[in-house]
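Written below as structure tokens is the structure these notes are about.
We just call them A, B, C and D in the order they show up, numbering each chain from 1.
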Amino acid sequence: MIEVVFFAALRERVGEDSLRVTPPETVTTVAALCDWLAEQYPAVGQALDATPRRMVAINEQLAEPDSAVADGDTVALFPPVTGG
Amino acid sequence: MIEVVFFAALRERVGEDSLRVTPPETVTTVAALCDWLAEQYPAVGQALDATPRRMVAINEQLAEPDSAVADGDTVALFPPVTGG
Amino acid sequence: MTRIDVAITAEPLESRLSSEGRDGRSGAEVRFSGRVRDESGQVRALFLEHYPGMTERALRRIGEHARERWPLNAIEMIHRVGEIRVGEEIVRVVVWAGHRQAAFEACAFLMDVLKSQVPLWKKELTDDGWHWVEARERDAEAAARWMAPSSEGAR
Amino acid sequence: MTRIDVAITAEPLESRLSSEGRDGRSGAEVRFSGRVRDESGQVRALFLEHYPGMTERALRRIGEHARERWPLNAIEMIHRVGEIRVGEEIVRVVVWAGHRQAAFEACAFLMDVLKSQVPLWKKELTDDGWHWVEARERDAEAAARWMAPSSEGAR
């Protein structure tokens, strides 16, 4: 199982704070996970399309679209940060 | 008349806070004033020799050795500053 | 060892004193305070969202990068979250070092990297309602300059 | 117009609050505090001499240079004189601006120029008695980098 969490504008567009999902074993990267989520959850697909510039963190560390995801990970998707 | 004021190590070496002097008309620059002071006041000459790196201000504005000095000016001589 | 203190708080930062660093080691203290600006005269309030846990870890991580890169004695980073009014302090970064240049550079580095890598998001309230603030290209560029080969030396 | 406040005081700076700049104009406040360091564990106290009148004018003048060079909202410079103990604040420079980069640069500029152009002299008390502190080449170089053609733009 993978926990997917959303923040800020992306969270509002998805309409959920988080999803617990179990994608097929072929989903091994962040990019593949996003593609799979978009297929399974149309609201997520639309929210991702509406947020073309995105950042990702795996287990609370910044990561890239081609970073590996594995069972048990927490994957956070969010718009570019605007703190400070 | 020109008022010459000294600060910090230079003041201590001269042994005076200030001198009021009336140099001859040929003394028209800071450098010439220092040379003339050194001749007239051996203590000042020794203090200037002991302070080869010096700064100068004319009427409270930083100046250079070849800056012009005139009757009525206040000329300050001091070692490089060390504030902050 | 360089002390690193980080905090995320929903309370006004104005009421928090920073550690004093009056130990005779730190000749230089550089402090940055960011306040809510009202550029257009239209911002009523700001709301700051964060990623509990990761935000604090990310702050600590950038502090660790700074202390690898400059000789520092202590770092403090506090960021406010929740609703904030115009004029209030939103972030405070304080760096103590033996010499001022390291303190200035590390403090500027921390702010630049914070703005592009630490999970925090701003929402503005104007007469039209709440809007998420867009990330600025300028902030990404400010962070990128610390990654240039010429300014390397971190690890 | 950029407000410039300067002060020379024989009282502890720790007891002086800086103006707050909470007007909604200033997103960025950068503050430098310099404290008496005890590098060798041998400094008992420091004594600061100044040139009454000129010191204040020189501080104001470098503030004017800074406000010509960067878009700033306010500048505050306070320098302590007389006898000061290890750990106490000797100088505080605060810059308020709309954006952080101008505030960081102006504050670093003010400190560099203060250290090489403002009439203030330090004397240290060690076990051997009082000694005048020698000016450091590093400080002259730090000030000179702001005068380089590539960083021109002042006047």
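Heads up, the rule we're going with is that a contact is a pair of C-beta atoms (placed from the backbone, for glycine too) under 8 Å apart; a residue touches a chain by one contact, two chains touch by 3 or more.
Just so it is clear, the structure is predicted and the values come from calculations on it, not from any experiment.
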How many links in the shortest chain of touching chains run from subunit A to subunit C? 1
Chain centre separation in whole Å, for subunit D relative to subunit C (CA means): 23
Between subunit A and subunit B, what is the gap in Å from one C-alpha centre to the other? 73
Give, as an integer number of Å, the spacing between the C-alpha centres of subunit D and subunit A. 48
Using the touch definition from the top, which residues of subunit C touch two or more other chains? 34, 111
What are all the chain pairs that meet the touch criterion? A-C, B-D, C-D
Would you mind writing out the residues of subunit B in touch with subunit D in their complex? 5, 7-9, 53, 55, 57, 60, 62, 76, 78-84
Residue numbers of subunit D touching subunit B in their complex, please. 34, 48-51, 53-54, 57-58, 79, 90-91, 111, 114-123, 132-135, 139-140
Would you tell me which residues of subunit D are touching subunit C in their complex? 21-39, 86-88, 98, 100-101, 103-104, 107-108, 111, 142
